[in-house]
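In the two complexes that follow, subunit A is the common piece, with subunit B as its partner first and subunit C second.
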Partner chain A sequence: MPVRRWWERGQRIPGASSARGVGVDAEQWPQVARDVAASGGVLLGLWVSREPGGDAAVYGAYLTDPGVLLAELALPAGGQPPHYRGLEDIFPAASRLQRAAFDLSGVRSSDPDRRPWLDHTDSYAFVRVDGEGVHEIAVGPVHAGTIEPGHFRFSVVGEKVLRLEEHLGYVHKGLEQRFSALPILQGHRLAARVSGDSAVAFSWAYCQALEGMSGCALPMRALWLRAVCLELERLANHLGDLGALGNDAGFAFGLAQFSRLKEDLLRAVSAAFGRRYLFDTVVPGGMAVDVSADAARALAAAVRAVCAETVELRTIYDEHEGVRDRFTGAGRLEPQLAARLGVIGLAGRASAQARDVRVDLPHPPYTELPVAKVVHQDGDVAARVAVRFEEAQESGRLLGRLLSGLPDGERAVTVDAPADGAFGVGLIEGWRGPVLVALQAGPQGSIRRCHPHDPSWQNWPALEYAILGNIVPDFPLINKSFNLSYSGVDL
Partner chain B sequence: MSVTDWITQVLEVVVALAAAPALLGWLNQCRAWLQNRRAPSLWLPYRNLRKLFHKEAVIAENASPLFRIAPYVVFGSMVLAAGIIPSMGTRLPLVVSADAIALVGLFAAARVFMTLAAMDVGTAFGTLGARREMMVGFLAEPALLMVIFVASLISSSTALPVITEHLASGHLGLSPGLAFSAVAFVLVLLAENARIPVDNPATHLELTMIHEAMVLEYSARHLALMEWAAQLKLFNYVCIGFALFLPWGVATGHIGPVGLLVAIPALAVKLAAAGAGLALIETVSAKMRVMRIPEFLGTAFLFAVLGLLVHVLLGA
Partner chain C sequence: MLKTLRKIASIGLVSETPPEPDELLRVGRALNDRIAAVLGRALCIRHVDAGSCNGCELEIQALGNPYYNLEGCNIRFVASPRHADLLLVTGPVVKNMEAALQRVYAATPAPKLVVALGECACTGGALGECPASLGRVSNLIPVDVAVPGCPPSPARILQGILTAVGG
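Then we have the complex of A and B:
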């Protein structure tokens, strides 16, 4: 059955611009996944909800051409422990999601890999590579720099990497349970902190789901301001990454210059919004802060200046022999492999996976503001750098249009808590990729269940492939070119 | 051997010990300025050494005595090397004990101890760094020897002070053979002192380190000695460069206080120029992939051989 049929059968889910949910039985559950895969769709997220009574449901969210398709498989409490068929053979990224879902809910999939993912009670059984001259290098979870914790186990011969295995979950903090203890109108604050570098994307996705469920119509001004915040977040992160990538190639000049540009941008953001990083600007019903006309003009000027300098720096990066040598060909993720692994977001676009929610499933204000999708084919560090450079320019262009054409109106309207049992999803293209928030309302304005999904889930496994055949000292550079979130997947 | 010769000898070692951290501090300052950053203090390396000497040493439980003595051996080798490199005067009493080839051997001995100590504790990073260090070493040493041979052929001696005296007394300007050698020497200097483009002394990425990976397990006074030794090594290499290619200002023959009055400022000026030059090289280059290091040092060797050929063919 083609994916269209599932789509037509589905019921509209409030929130994201185009989302439908379909209830499936145990036989249809893998069939939906197969049909989505056959039509070129990808897995967006997979999670399990379990009621105190023992009733459980497993959800698979897919990004398909018509929109977000959510398959729900109910697993009623019975004599047998709940169990469902794993999707790891159809979508490799499902494996870790299923293992994490088991750790959180106790609902087991048929995945043969039964190692705990978030639960670190027992020592982790890494896959061992045998052979003459093979040895292991264990890196992390504590690193020499101030970065998030994660463990990487390399099996190497000489300098060449034969296998890399990641072990994450060191910053598991029980986010989903914490959500359930919050009033639904307050959850956006926690959502912003799922992965701090994507604060706007997560809080917008949360608010999108919530506002959809409440049936609240947002003023255009609020939506435009949200887009301003989202693009500022994208631009700031891209600038930071471009500097760090130069530094990891031993080109400290790049770090110094991009750090300066990022600082200029953050100060301009601070002048306009009263905060350097845009936590808690996006709130249910609109925006927590408004921007005056003067502040918008000043911000636009700052963005223009930053983007103009970025163009110059790109020339330096492109023409510097040493930098080019380090970037080109390093950590190549072939388009075919990227498609098979379901890589999404920025890393996907660098490997010819042309998906961008702002373009494919535009929501206001992107419906009025066409975004140029940036896609590269090479899949190496150089391609991911190029995508960042071009997206930074595109964000700069969008910011120019957004800030010069801010519609008049209210910055926010009041939102009522949705009815008990209401279900919504939010989908926003963050700087790293599409951010999904699935939200279910509980009684009296509480949250029954909230599942935030970071695109890093899909892309972490791809890093294990991108490093193959590269040399050990190139790993930090390749890792940085993906720059995936630990906090966002450790939940 | 007169008293002033001994004074010069002692002074050279003392100046090397005292000025080596400043050379690194100056290099870091220049790097910061070239990158449009505000520079750290020139005295930061001194403060760092003082801090480390005041800390309590933590040593891995499975460390052998080799791990403990290596910092002293490495540091001692660098001090001894400073004694036989004519940085200010050429009449050095210690020189009769070691020529330029012995100097290369001294560096090699320090390297062996350092790599053994790095592997001693058995961490993956130490071994990784030691392995890379040996790769750099076995490629850099022949190139360095070749450079010294060119100078030796010109001055018919392998003793550094004799070479320096000979070159300083000659016409101003490099002979073509020496010019090629000078290029080779700069490449070797960058590789041997863990500078960009071969190694990145400022990195926090364990997987990419060479020199830093070897000293990761050291702390307190041991780390201080290792760092001071690394600073001395840089100082020594720069001074070898001066002795071979820029011998001007070095007091030749028996010198009195007046000779030293010229030699000390001359050394300071040359060190400042060398630090700025190195900072410039490091700023405009990126770190190369580890697999390119053999090419880089192969180029150094090639330049040194070219220097030798040019010298033999042109007789210059």
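Then we have the complex of A and C:
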């Protein structure tokens, strides 16, 4: 049955601009996934919720044309241990999600891959590649640079990569359990720290779910200021990556220039918002800080200056033969494979997966402020660089509009804790891709359950394919071109 | 090529621009002298993320931009703890990183310094201690200096390193 039928059957879920939930039985559970896949939709997230009494439910969240479709399969406590059909054959990204869900809840899927993911008690059984001259290179969890911990196991012949297997979960810190110990009106602080480089996206997604459940209408000024923060976060991360990518291609000039521009931007952000990184600016009901007219003008001028220099630097990158040689063709993820893997966000848009929540499912203020979607077809490092360059410019343009047209009004309103059992979702297009937060209220202003989902879940497996046939020394460059979060997926 | 050279020439040396009264540069100069006095060579730092949200990492990376001129202060980040004088540890120490942090600490030659960087490393932060996390860094290895902040600014990170070397 077409996905529209599930959508029509669904009940509206508060929070994100367009979200519906549908209860399914064990037979319908994989059918929804198949129908979503057939209609070109993708898996956004999969998680298991388990009550102390033993009743459990598994949730599959999908990004479809009409909106976020959430399928819920109840797994009542009974004689048998709870169990559900895995979706890994329909959406490959489901596999790690299912394994993580088992480690967190004890609820098993039918996935034949039963290796623990977040539970590192036993040593990990990597898939061995046999053959003449094949050897393994083990990297991590502690890497050579200032990056997050994770383990990469390369099987190589000479310098050529035959297989890469990722083993993550090293920074698993029990985020979901911690959420359940917090008052629901304070969870946004922890949400901002799911993946620090996406602090605005996660805290906005959390607040969007919460405000939807509480029926709280935000002042336009608060929404515009949130969009300012989100676009600043996107611009800052893109600048940082563009510098690091130049550096990984042997062009230290790029790192020097872009890290300088990023610092210029962070200092301007600090002057306007009182902090370089925008943790805890997005709070339930609106914003924790407001920006004066003078500060908005100064910030807009700084953004314009940074973007003008970025245009100049793009020409230099484009015309530099050494850089072009390293970028072009490296780590290619073909559009067809990207579609099969359900790759989303920035990496998806570099491989023709034309999804951007700001455009496809716009929420205020993007409903009034159309965003130009950036899509490239080549799927290589060069394409992911091009998407960053163009999105940085687009964020610069949006910031100009936002900062010059900030509506008058309050920066925040009061939010009441939602009723026990209320359920909401938030969906925000962060710099890396769509960030999803599913939130359920408990009694007396508590959190029954909060599941934050980073788009890196979908895109980490794609990196294992993008590296195939490339040489080991190109891995840092290819990895950086995806720049996925470890903390965001390790929960 | 011409455009690149023109760009370099037009930007100049931002780390030495005199007109701005910049507290950071003062810290940088003092740091240079004291490290030279204590170590007589470059200070080598190994960063370990023991469970961070990656916010602190962004500010550590910022230390390398031309404004802070870290290498000009004789400080550099190295790829192996075996080459390090100082460990810069971020995040609460989560269970899955406990063994790795202990091994990194053991691999660092004595005398060694440890700076706990950021709220989580100093106090356990937003997570505290839970089944998956041991909390603050000093719960696992001895810490010389704790730099709070979420995340601390690059200037504060430099101050923390200075305090560790001076002690």
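Keep this in mind: the second predicted complex is superposed on the first by the 491 of 491 C-alpha atoms of A that agree within 3 Å, B and C clash if a C-alpha of one lies under 4 Å from a C-alpha of the other, contacts with A are read in each partner's own complex, and residues count from 1 in each chain.
One rule holds in what follows: a residue touches a chain if its C-beta (ideal position, glycine included) is under 8 Å from a C-beta of that chain, and two chains touch if they have at least 3 such contacts.
Just so we're clear, the structure is a prediction, and the values are computed from it rather than from any experiment.
Novice: Where does A:G240 make contact in the superposed view: on subunit B (first), on subunit C (second), on both, or on neither?
Specialist: After superposing on A, A:G240 lies in contact with subunit C but is clear of subunit B.
Novice: Identify the partner contact of A:Q98: answer first if only subunit B is touched, second if only subunit C is, both if each is, neither if none is.
Specialist: It touches nothing on subunit B or subunit C.
Novice: Just to be sure I read the superposition right, which of the two partners does A:H320 touch: subunit B = first, subunit C = second, or both, or neither?
Specialist: In the superposition, A:H320 touches subunit B and subunit C alike.
Novice: If we overlay the two complexes on their shared chain A, which of subunit B and subunit C does A:V171 touch? Say first, second, both or neither.
Specialist: second
Novice: Is A:G145 contacted by the first partner subunit B, the second partner subunit C, both or neither?
Specialist: both
Novice: Is it subunit B or subunit C that touches the larger share of residues in subunit A?
Specialist: Between subunit B and subunit C, the winner on subunit A residue contacts is C.
Novice: Output check: A:F475 vs subunit B and subunit C. Expected answer is one of first, second, both, neither. What do you get?
Specialist: Only subunit B is touched by A:F475; subunit C is not.
Novice: Look at A:E159 in the shared chain and tell me whether it touches subunit B only, subunit C only, both, or neither; answer first, second, both or neither.
Specialist: first
Novice: Just to be sure I read the superposition right, which of the two partners does A:Q257 touch: subunit B = first, subunit C = second, or both, or neither?
Specialist: both
Novice: Mind working out whether A:G196 is in touch with subunit B, subunit C, both or neither, as first, second, both or neither?
Specialist: second
Novice: Across the two complexes, find the residues of subunit A that touch subunit B and also touch subunit C.
Specialist: In the superposed arrangement, which is not itself an observed complex, subunit A uses residues 144-145, 253, 256-257, 260, 320 for both subunit B and subunit C.
Novice: Okay, in this complex, where on subunit A does subunit C touch?
Specialist: Residues 118, 120, 141-142, 144-149, 169-175, 177-178, 189-190, 193-197, 199, 240, 253, 255-257, 259-260, 262-263, 266, 276-277, 279, 312-313, 315-316, 319-320, 485-487, 490 of subunit A touch subunit C in their complex.
Novice: Can you name the residues of subunit B that touch subunit A in the complex?
Specialist: 31, 34-37, 124-125, 128, 196-197, 200, 202-208, 283-292
Novice: Spell out the residues on subunit A that touch subunit B in their complex, using ranges where they run on.
Specialist: Touch residues, subunit A against subunit B: 135-139, 143-145, 159, 246, 248-253, 256-257, 260, 320, 322-323, 325-326, 471-476.
Novice: Which of the residues in subunit C come into contact with subunit A in the complex?
Specialist: Answer in residue numbers: 3-4, 7-8, 11, 14, 47-62, 64-67, 77, 79-81, 91-92, 94-97, 100, 104, 125-128, 130-133, 150-151, 153.
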